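One structure, pasted below without further comment.
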Amino acid sequence: MKMVTAIIEPAKLDKVREALIRAEITRLTVSRVSGHGRQASDPQLYRGMVVVPDLNPKVRLDIACNDEFVEPCIDAICEAAREEDNSLGDGKIFVTHLEEVIRIRTHERGGKAI
Amino acid sequence: MGVRAPRLAGAALFAALVSLSPLASAQGDMPTTDTGTTAWMLVSTALVLLMVPGLAMFYGGLVRTKNVLGTMMHSFGAMAVMGVLWVVCGYAMAFGPNALGGWTGWNPDFVMLLGIDDSIMPTHVPEYVFAMFQGKFAIITPAILAGAFAERVRFRGYLVLIALWGILVYNPLCHWVWAEGGFLFDKGAIDFAGGTVVHISAGTSGLVCALYLGARRGYPKIAMHPSNLVMTLIGAGLLWVGWFGFNAGSAVSSGLDTARALAVTQAAAAAGALAWIVIEALHHGKATSLGIVSGILAGLVAITPAAGVVQIPGAMILGVAAAIFCYGAILLKNRLGYDDSLDAFGIHGVGGIVGAILLTFFLRPSWVAGQDASWSLGHQLLVQAEGVLVSVGYAGVVTLVLVVLVDRTIGLRVSEPEEMAGLDHSLHGEHGYGLLNPN
Amino acid sequence: MGVRAPRLAGAALFAALVSLSPLASAQGDMPTTDTGTTAWMLVSTALVLLMVPGLAMFYGGLVRTKNVLGTMMHSFGAMAVMGVLWVVCGYAMAFGPNALGGWTGWNPDFVMLLGIDDSIMPTHVPEYVFAMFQGKFAIITPAILAGAFAERVRFRGYLVLIALWGILVYNPLCHWVWAEGGFLFDKGAIDFAGGTVVHISAGTSGLVCALYLGARRGYPKIAMHPSNLVMTLIGAGLLWVGWFGFNAGSAVSSGLDTARALAVTQAAAAAGALAWIVIEALHHGKATSLGIVSGILAGLVAITPAAGVVQIPGAMILGVAAAIFCYGAILLKNRLGYDDSLDAFGIHGVGGIVGAILLTFFLRPSWVAGQDASWSLGHQLLVQAEGVLVSVGYAGVVTLVLVVLVDRTIGLRVSEPEEMAGLDHSLHGEHGYGLLNPN
Amino acid sequence: MGVRAPRLAGAALFAALVSLSPLASAQGDMPTTDTGTTAWMLVSTALVLLMVPGLAMFYGGLVRTKNVLGTMMHSFGAMAVMGVLWVVCGYAMAFGPNALGGWTGWNPDFVMLLGIDDSIMPTHVPEYVFAMFQGKFAIITPAILAGAFAERVRFRGYLVLIALWGILVYNPLCHWVWAEGGFLFDKGAIDFAGGTVVHISAGTSGLVCALYLGARRGYPKIAMHPSNLVMTLIGAGLLWVGWFGFNAGSAVSSGLDTARALAVTQAAAAAGALAWIVIEALHHGKATSLGIVSGILAGLVAITPAAGVVQIPGAMILGVAAAIFCYGAILLKNRLGYDDSLDAFGIHGVGGIVGAILLTFFLRPSWVAGQDASWSLGHQLLVQAEGVLVSVGYAGVVTLVLVVLVDRTIGLRVSEPEEMAGLDHSLHGEHGYGLLNPN
Amino acid sequence: MKMVTAIIEPAKLDKVREALIRAEITRLTVSRVSGHGRQASDPQLYRGMVVVPDLNPKVRLDIACNDEFVEPCIDAICEAAREEDNSLGDGKIFVTHLEEVIRIRTHERGGKAI
Amino acid sequence: MKMVTAIIEPAKLDKVREALIRAEITRLTVSRVSGHGRQASDPQLYRGMVVVPDLNPKVRLDIACNDEFVEPCIDAICEAAREEDNSLGDGKIFVTHLEEVIRIRTHERGGKAI
């Protein structure tokens, strides 16, 4: 089992969720984060000045999935989270190994608890 | 005529008009100023203005986080655009003598309000105050309307839409109902503080826009959570306070009529709130905070046309009835599946209609006694219904033309990527709650 | 009697009562309306209503995130329930002539306010305005009380409790203190704008409820952070503004008395705020924002009974004294370990007592000069103490009966799982700040 | 003299002064109270007070999350400190007869306002109300100033600074411009509601402090996001509402002058808002919410000195001009790189100067007609410029002395670790938004 | 060393913390997240309509612990976070391997830094 | 590749970011969390009472880096996040193994995607 963690643009959340659902991945955990990557875009306006923030608002998705779902999951995210204009700031995906998953309600463990 | 006129402002104003040219204004036959009435009208103006940030909060709390600024900008944009338009031409159209066969009013002296620089009205109030008080209604009305299509329109198109809407819908309606010579005014339609002019017209126009523009992306499949119910509650509180200016100010006096309007406003709001949470408790077993403020609003909307002519029991019944009908209308909307985002029609349209019609059954006995012999309840009911229909029909049709026009030319509906990204980011380059991100 | 009466409203009203039946109301000996006084009373009514959302913000910011809506609903629920009850029977009980041996007042004509439809009071204000102004006090009082048991009561039980409390505690107390024939009124107890009726009664009743219901789960072991001090500050700002209506409106005039009340209100609030942060700086080396607003409130509460009879220096001393006593009372509470969640007693109860007693030492010389020969400071002090004791005793005992009754029948304290989950979720099915979750 | 005096308050007051000793106050030649005017002045006082929480919200929303309470405390601290100081000595200095060669006023009877306990002014308003109304200006002015050095000063030093500033800068300036005998008053400088006294002095002083204290750590390299633009918008809404009291209250009447002031205030605000978003749309293609509220403020500031003497078209032009100049000033600031955190100078200083100077070109014809033969536009322009220069020069120099003094003695600038940790945590031991953390 | 990450109902936070303290686990990091699992419960009311949100508010606990504490930790969470009525939405626990832990104050590393 | 996760005092965020930049580590993800450690400091004031909160506001940094950057990264954080007075509550760093990193924009994988 793997934990796929994606950091994406908040604006892309809906599209990514839809793509994941199409890939039959529905369970996930979402949180607000801020990030700094290579991107220097997402400029904001402040009283006539274009301000490039140091930390941009991002959304983090954590998706625990069985090994065979990892690649479909990555593909779905990449597909949906990419800007048309190939700009910086589209985000990143991290994959870590999951040793155990437990469903609290049933105490089920492992792949079937995902 | 005073007998028939539920609200004397128009008549009083007209008298002021004929007797006054800018040059004649310093003459001796000018009414004197009453400091008390003037004080209350100044305050009422401030209170109605308070409703604009109040509405911005009410609406802004109900939309999703990514659209909060965009939604509040609808109210603030109305302050800017209608604030300017009203002094440029709005007052001249609404409160000038009949023009274009009575479709609107027009008095060139009122442009930039230059002609009223010294004018005191027969109600003993400087006309400037009355003009400013009325101007606030012209601001709040499109701001209410905007709730119907929240979270999916371009700011630029919105500003153009409300500018046109103000000129072509609001000003004529206002003239018909409140100005001497206006045809509904002459018929004796009762609309004390703007049931038809403000709420029904805003609600109906909003509905038309919502239907034309279509639902928000994902609606109703994806649940759209209010981002800040706390702010919605506070906004409702400010609206209640401001509504005292809205209704009691519409008496253009500071005396018994004013006191009556204030008392029934208070009673209707409380009754509406209580009714709504009782309905919820019966329906779902839980009273909600959005419910209690929706009930407050429903009660306030329903009492608006009636504030001059009903007593406390009637006001409470109107408040309860409004809660019932609005609750039902929203359930129906959910069935029908159209997307009136913040229930501009469900609350303001329906509440306004309920008030305008039902008030007929709760007229203050002393008011009825003051009517001439030909008056009958049935006739009044017809007149009220006519007022509602005219308002619904006129606002609906003209709004449809305008929304199509604006959408086809400069564009009203946002694009799908913009909508997904949220108005705040895509239209305004800002975030409402920077506090959500460490900084 | 005017000599003794610190607040003429009651007396004036009584005169209105005797001279007026609904039928006689159109006669020539009716006082005329003064537009200026009426304007100010209309405004005061709006300002006191503004205190309700102000209080909702003040309290809502102090509780934990999961209870913010539930806490604000206490204020909004009071608007709904007391708003209705006041016109139904509250005004009749509070300002009718003595009934049941003086325990309450009662005037059947005041039910639904139908009997005052044309009534102008000797203060030249339509009685409707006075009734509405007073009604706002009946709303704010239980809303203040609710701070004592925030975060742990059921909404349904709360609404029933405050309805009973309004009828059995507030209305009689209000009658005793402010209505002609009320026994404290006749004794010459000074309570200009509600120190006993509003603050002491709310504080004491809150304390009784808090003691009976027990502490919140985990208190005081688990620290309970204010969820939104920013909102608390804004709420305090609105309370200060609204308090001008509360105190200066209680003059039921628009003249020198009003101006004096406003001036001392301002001075006491500023002095209280300054004193509190000085105390904090001495005690902890840091001034806090909650401290400054607590000081504002303490000062405002203390000046409330005294606003008609002290001058600026007295007002400032009352403000400072209130800050000291309230600060001490809260430290004491922390020692004793009972859970008056938002210090309804610590601020309103204590501040009200401080004001009601200490005002005796700062009476305006011209006021003292106007008393008859038998007047002495010592006697006034006794009368003031009696007012406080009666208020504490009566409110305390009746509230205890009511809280036991409501808790045993329909239930007042929430269950432990509900409390842990938070009132917003478990009682209202909502979340206050949707913005906390991506959507 | 009334001819020359744009604002009669001072003159009126002076008349009151000479005729009244505390002992003479009960005599028959006392002007009578006008309830209507008094009502409006009471309301104006409340409305200007409303601007204080409004400003706290406006500023608090613009700073970073960790400084929100610290920034709001600047406004609340001003309520406490200036609220006390004004009654202690401020009113005596500002509105007493000339003392120290006209540098200030002084009337020992005004200390603690004891000498005005019975005083009614020739404007038929109890002097208490006037004193309280003016006191609110003394509160809001340092609160505005504080925007220039937000996020980097110690609370203790700030309180001392504004106390000294109030005594040495505000009171004299207020005396010069508004009190009979003040040298700018006697020259005929037009400053209806505080362009020089409030906005230019606050803006300039703020600028001086900002330059002396230096930029915030990391500025301008690190972008500093507004933590809560939503709150900033609401604050701006309350400021607009409160400004009606600020400007229309400055007429110290409830009649035509008042109505005119209200109308031009409304028009200038709307025009400023519209102009700002148009500028933004041209410059960046996007209208922002901070832009619309900045435009509102710019328009309100610019109309402040002019509210008694221009008509609607002039008001709208002032609003537009203020938007242009303020926008430009802020761009310039960004070029120059100094850190006026919240643009106290960019909006209030620049807007105030624009209004004070440009109003000369839009004087109401009837006002011009009322001047004596020697009057010329050029001369008025010179007088206006002199008013601006005096205000800028005096406020600037004295503030510089004060800020150096306070910083060197008790310390004004926070330490670097404190600044990084945020004022809320390091100075006040609190967090503004507890809701951000699960609890 | 393992990192135990639990996603639970916000309403259960107090109870879970108490259970953990009983199991002698006091150090942890908590954050607000939103999640979508199998659960379709936690309905909310919006103007007379029952709304089932797409993403439910959840609380995330991160607990770094030495290997012998992993099972007690899981048990404590499971026990406390479970609804009486065995409903969906009770949450999930993920276990990952922790390579290193450093206490910033002391530069201590490994198990004793936990 | 490793994921370095640091929990630090919010007040130290600016300083830590600056130290990381000096160590040539610019990309990271930041989020607000609350934590309970050994610390009993960060007292707050509530109406005259010193309150020691149960959960303190903290900031979490997630930094994905190639193996050679792990130690410099840890050092930079430790250096900058430590209070002068060696008090409790300075925070903790956790290191986990990262199996894969994907740059969404380019589909790059592995070390060069970091």
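Chains here go by letter, A, B, C, D, E and F, matching the order in which they are written, and residues are numbered from 1 within each.
Just so it is clear, a residue touches a chain if its C-beta (ideal position, glycine included) is under 8 Å from a C-beta of that chain, and two chains touch if they have at least 3 such contacts.
Note that the structure is predicted; figures quoted are calculated from it, not measured.
Separation of chain D from chain E in touch steps, taking the shortest path, is 1. Among the remaining chains, those touching chain B and also chain E are A, C, D, F. In summary, the chains found to touch both chain C and chain E are A, B, D, F. Copies chain A and chain E of the same sequence differ in orientation by 120 degrees, per CA superposition (steps of 5). By number of C-beta pairs in contact, A-D leads when A-D and B-F are compared. Centroids of chain E and chain F (each the mean of its C-alpha atoms) stand 20 Å apart. The distance from the centre of chain B to the centre of chain C, with each centre set as the mean of the Cα atoms, comes to 33 Å.
One inter-chain figure worth recording: chain A and chain C are separated by 52 Å, centre to centre, where each centre is the mean of the chain's CA atoms. Under the contact definition stated at the top, the residues of chain E that touch 2 or more other chains are 10, 13, 30-34, 44-45, 53-55, 96-97.
Of all residues in chain B, those that touch two or more other chains are 34-37, 39-40, 43, 68, 222, 225-226, 228, 254, 284, 286, 288, 290, 428-433, 436-439. Chain-to-chain contact here is organised exhaustively, every possible pair of chains being in touch. Listing the residues of chain A that touch chain C in their complex gives 10, 13, 30-32, 59.
Within the complex, the chain E residues that touch chain A are 2, 6-8, 31-38, 54-55, 58, 60, 74, 77-78, 81-83, 86-88, 90-97.
Across the complex, chain C meets chain E through its residues 66, 217-218, 222, 417, 420-422, 425-426, 428-431, 436-439. Residue ranges of chain B in contact with chain F, taken from their complex: 437-438. Those residues of chain E whose C-beta lies close enough to touch chain C in the complex are 9-15, 32-34, 43-45, 53-55, 57.
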